[in-house]
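Take this structure first; my questions come after.
A, B and C label the chains in the order they appear, each numbered from 1.
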Amino acid sequence: MRQVPVIGPIRRGLQSDFALRFRRSRNAMIGSVLVSIVLVVAIFAPWLAPYDYEQINMLAIWRPPGGEHLLGTDALGRDVFSRILIGARVSLTVAGSVLAITLTIGVTLGMIAGYFGGWAETIIMRTVDIIFAFPELILAILVAAVLGTGTTTVIIALSLVWWPGIARLTRSLVLSLREEMFVDAAIASGTRSWRILLRHLLPNIASPIIVRASVGVGFIIMAEATLSFLGIGVQEPTPTWGGMIRDGLAALRTDPHLALFTSLALAITIIGFNLLGDGLRDLLDPKVRDR
Amino acid sequence: MKMSNRISGLRAGSALVTVLVLAAGAAQAQTLRTNINADPAMVDPITYSELIAGDVIGNIYEGFTAINEAGDVIPALAESWDAHDDNMGFTFYLRPGVTTHLGNEFTADDVKYTFEALLNPDNQGGLNARYLSTIVGAQAVTAGETTDLEGVTVIDPHTVEVRLTEPDVLFPIYPFYFMDDAAVETAGDEWYLQTSAGTGPFVFETWDRGQRVLLSANENYWGEGPSIDGVEFLIVPSGDTAVSMFDAGELDVVYADNPSIRRILQTPELAEQSLQVPAAQIRYLGMNQNLYEPFQDARVREAVCIAFDRQAMIDGLYEGAAFPLAGQVTPGVAGFNANLEPMPYDPDRAQALLAEAGYPGGEGLPPINITSTEPNRNDILYFASQLQQVLGMPVEVEIVERGSHIRNMNAGEVAFFPWGWSAGYPDGLYFLSQVWYGPSPYNRSRWQNDEFDALIDQARATADNDARYGLYNQAEEILIGEYGTCPTTVRMQLALVSPDVEGVRLTPFRFLPFNSVTMN
Amino acid sequence: MLRYGVRRLLGLIPVLLAAVILTFLANQAVPGDPITGLLSDQSGDAALEARLRAAYGLDRPLWQQFVDYILGVLQGDFGLSFRFAQMPVIDIIGEGLLISPVLALSALAIAFPLGMLLGTIAAIRQNSWVDTSIILVLVAGISVPNFALASFLVYIFALQLDWVPVAGWGSFSQAIIPITLLVVPTSAYIARLNRTYMLEVLRTDYIRTARAKGLREKIVIWRHAVRNTLVPLLTTVGIILGGLLSGTFVVETIFNIPGLGSLAIQAIFARDYPVTMAIVLLFTVFYAGINLIVDLLYSAIDPRIRLGDRAA
């Protein structure tokens, strides 16, 4: 029953090797520093923010950066810096939720399709094909339009366009592993299917999926921002970076600080996640590992 | 009712203007370039149902009457009219010698044709169809039983009689757009893209979707001008782009949208070239007493009305281009009451009133949403924040899609909302009878008062202007005295006019037709 | 080859049908009402509303609306727009039909060589500071959302330097920023892929042989290696075009460009179902068509590929 020789050594070797290689990769280090900053900001935003992010002040609209307001104020006199900090929290909450949902659904369905095949595979993979046939953004917008605006809507819409990629990857990984000796052995020894999936297959496909997920975070944040930029995301008075950039773009000529600082925050966050994701991929993905 | 006296004076005035224009018009004539922010939804006067289409169509088609620069009603295609003795109809005497753009003489048949076309169920008659519902036989045409409108009789080519089922003293000032009855015969069902069938100062030439609508001067126009070659409405979706194009000399006249007002007023060179005229649009906070019980208490309504600072909204949200609205008739519209004072901003009194009503510090108030569409987002964020802070009222903002919002408001299903209403003709009855009259489909907050309704009924049958305006004022005082609504602000319309262009007339009802424009 | 092509074409039918059904259902489920949207704020006339509902066929049962819609589409009739009174959808779409593909293809035409160049330079200088900085720039290019980049570019080049107009469509200068916004992420994506492929190719015997023959390094790289990375790059053109099309939605919206992308966004917001459906359908067909062509090209170029086995 314990015959999973592939797993042990590889994992151990990876861990020791991992930290060293990671520290050597400059871009991955930059990425992890940026991501850490964003995470700290997101977690402690309510305590870091100098002002109440909802506080409207008609006597202080469109204040330029500097003075009492580090990054100025918006059309309602709200503190831009505080809203950017809270915006980080909103972005990461959405991205984290989407990631959790898509990983759960995508991996489960992908493993079912890859391992069992048959009609289950046909249904799952046809669904995947159909979702892939739509341009991603259009589908997300359609779903968001159906469900009405709000945080839950954004999470559902993005999950819906994201899981098929994970499912497809999982299926192909499972397909290639199913032919391996240790799976045959497990089947031969009468191990139940779910146990093979969880104990034997899942650990072996975990690292490419983690790579895929970590590369995806940046894109999920970008997609969330795009939806709120188009006005169908998380709603006011909760600040979102996409929504702030939209409002800022409309006022770019007279009051550029809102769009520029928010764009900068969004750009840095996504760059951070992508650098980190790329770093992880280079380290974990055996295909590119040895170059 | 005879309006002829007033009319002849005005005609003399416009004749004088014509002479001046002709003298100045010796210079080379040109095409006036102005902006609209989207394609018009239509360019024909029958399905006409929205503002942008109105901006275009108003230059091509005309009604019995028109508005002058002061916002007063002046005769147009009808030279004069008589009210019937029983107050149940009118006889209109049409202006002779007017030719349509198709070259036919404009006659009483065209009037009857236009009315029938508006009511015909096959035509999707637009906004103007609603003015016809009181004509005898209108229901039968709408129901598709007949195409002949019984209550409209052609007496001779220049006399048409309209009989009504109930008094409607404002019928002559309704802004109809009459069209030539030969248009469909001449150019087919899509005649409005092929030809032009109005009598107005400009002739429809082309509509390049997404690009522009082009009008040319009507050489045979019966009235003043035009001295320019035509009007080009360039479709410029972004107000900011339109202002830049104006700056670069690519547009001669710009009707500024709200977001670009800040840019214009913050740029001295642009601010100097701007015209500001208040819009004939009331704005109010709707409080539906059926949906939110605390609103049934006048003290709560008053507390809401004085818990926000109109001046702060004007300075903060509208760049100062607005002023507080005291009642529910705007200045520049007949029947405006200049003696009403705007509601004050008085947080202390608001709190005291709320406590008196049994909700000290907002305690015991059920949660409520303040609802509006995306363009009003900042307004409702401000209202919500003020009501939370001053009154402790548990208000959440809710942004909804426009179409369903209008539907829900019409169905009386929105509890708390800021909204507006733009006058279609320059008479206070437009606001009072549509927005606050009990049986009106547009009484969206469902405020209802029998005394108010009786005054409006009486006003509809009162031909004497001053007496009628007195009734408006009485009704309005009931509405405001009861805090049936909180009047908020009147926005200024802002237009940019190039120094090379003269004679652009911005009224509370947007631009008048461009026939008085001259260009250097 | 031909049989494979036919099979792929037939395989498109259920996908397209599903796309139509999904879009149709989504449009039904969207809160909001196209008829009240069509009417102005001031026309609450119930009779007019009923007449319009009938004119647009919205009073029929749902299944019949759907069947009629499909039958119409098969005859090239996409129905009438809600937003523009009585205007056939086909006319509305026709006006902007070419703009989005023109934007996407011009961006691709610039991005492809640019991406190849950057990727190749990074690969031949692997692990040097040149490589590291190029990678950093590429990550930034992929990461910064187009609307965020737009705020910087518009601020600097349109507002501060006044080199190009802020928005609009019709002149060359108006197209510069929008196309740049599309080129940046696309070329970064291509460059990253190309760097990876190039690193693989540079290790093959084929290149070793070329070097061993004494060919100059420049010729080895630009003649032999680059040619070999072209094939795998070509297969990603489908994905790239998909991304570019999505990009046009946002870019057209920001710059008021009257293409299908901004039209689709406006139609979705205005509950103009017939226009939304037609555009979604068009994009889906276009997207699927590109993928099919790329697959066929790919199998023509590289006979080793077993047809039909490229699911993953």
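Note that in this section a contact is a pair of C-beta atoms (placed from the backbone, for glycine too) under 8 Å apart; a residue touches a chain by one contact, two chains touch by 3 or more.
Values in this document were obtained by computation on a predicted structure and should not be read as measured data.
Visitor: Looking at mean CA positions, which chain is nearest the middle of everything shown?
Guide: Located nearest the centre of all protein C-alpha atoms is chain C.
Visitor: Does A-B or B-C have more contacting C-beta pairs?
Guide: Result of the comparison of A-B and B-C: B-C.
Visitor: So, what's the distance in Å between the C-alpha centres of subunit C and subunit A?
Guide: Chain centroid spacing, subunit A to subunit C, equals 22 Å.
Visitor: As a quick test, compute the distance in whole Å between the mean CA positions of subunit A and subunit B.
Guide: Chain centres of subunit A and subunit B, defined by C-alpha means, are spaced 49 Å apart.
Visitor: If you average the CA atoms of subunit B and of subunit C, how many Å lie between those two points?
Guide: 42
Visitor: Where in subunit B do residues touch at least two different other chains?
Guide: In subunit B, residues 240 touch at least two other chains, as defined above.
Visitor: Listing for subunit A: what residues touch at least two other chains?
Guide: 231, 253
Visitor: Which parts of subunit C, given as residue numbers and ranges, touch two or more other chains?
Guide: 31, 166, 269
Visitor: In the complex, go through subunit C and note every residue touching subunit B.
Guide: Residue positions touching the partner: 31-48, 51-52, 55, 83-86, 91-92, 95-96, 165-168, 256, 258, 269-271.
Visitor: Which subunit B residues qualify as touching subunit A in the complex?
Guide: For subunit B paired with subunit A, touching residues are 240, 259, 262-263, 266, 309, 312-313, 315-317, 374, 377-378, 381-382, 384-385, 397, 399.
Visitor: Quick check: in the complex, which residue numbers of subunit C touch subunit A?
Guide: Touching subunit A from subunit C are residues 14-16, 18-19, 22-23, 26, 29-31, 126, 132, 135-136, 139-140, 142-145, 147-152, 154-155, 159, 166, 196, 199-200, 203, 242, 245-246, 249-250, 253-254, 264-265, 268-269, 276, 280, 283-284, 287-288, 311-312.
Visitor: Give every residue of subunit A touching subunit C within the complex, in rising order.
Guide: 26-27, 30, 125-126, 129-130, 133-138, 141-143, 145-146, 148, 168-169, 171-172, 175, 218, 222, 225-226, 229-231, 242, 245-246, 248-249, 252-253, 256, 259-260, 262-264, 266-267, 270-271, 273-275, 278, 288, 291
Visitor: Touching residues of subunit B toward subunit C in the complex: what are they?
Guide: Those in contact with subunit C are residues 39, 41-42, 47, 49-51, 121, 124-127, 129-130, 142, 209-210, 236-238, 240-241, 244, 401-404, 406-407, 410, 421-422, 424, 434, 441-442.
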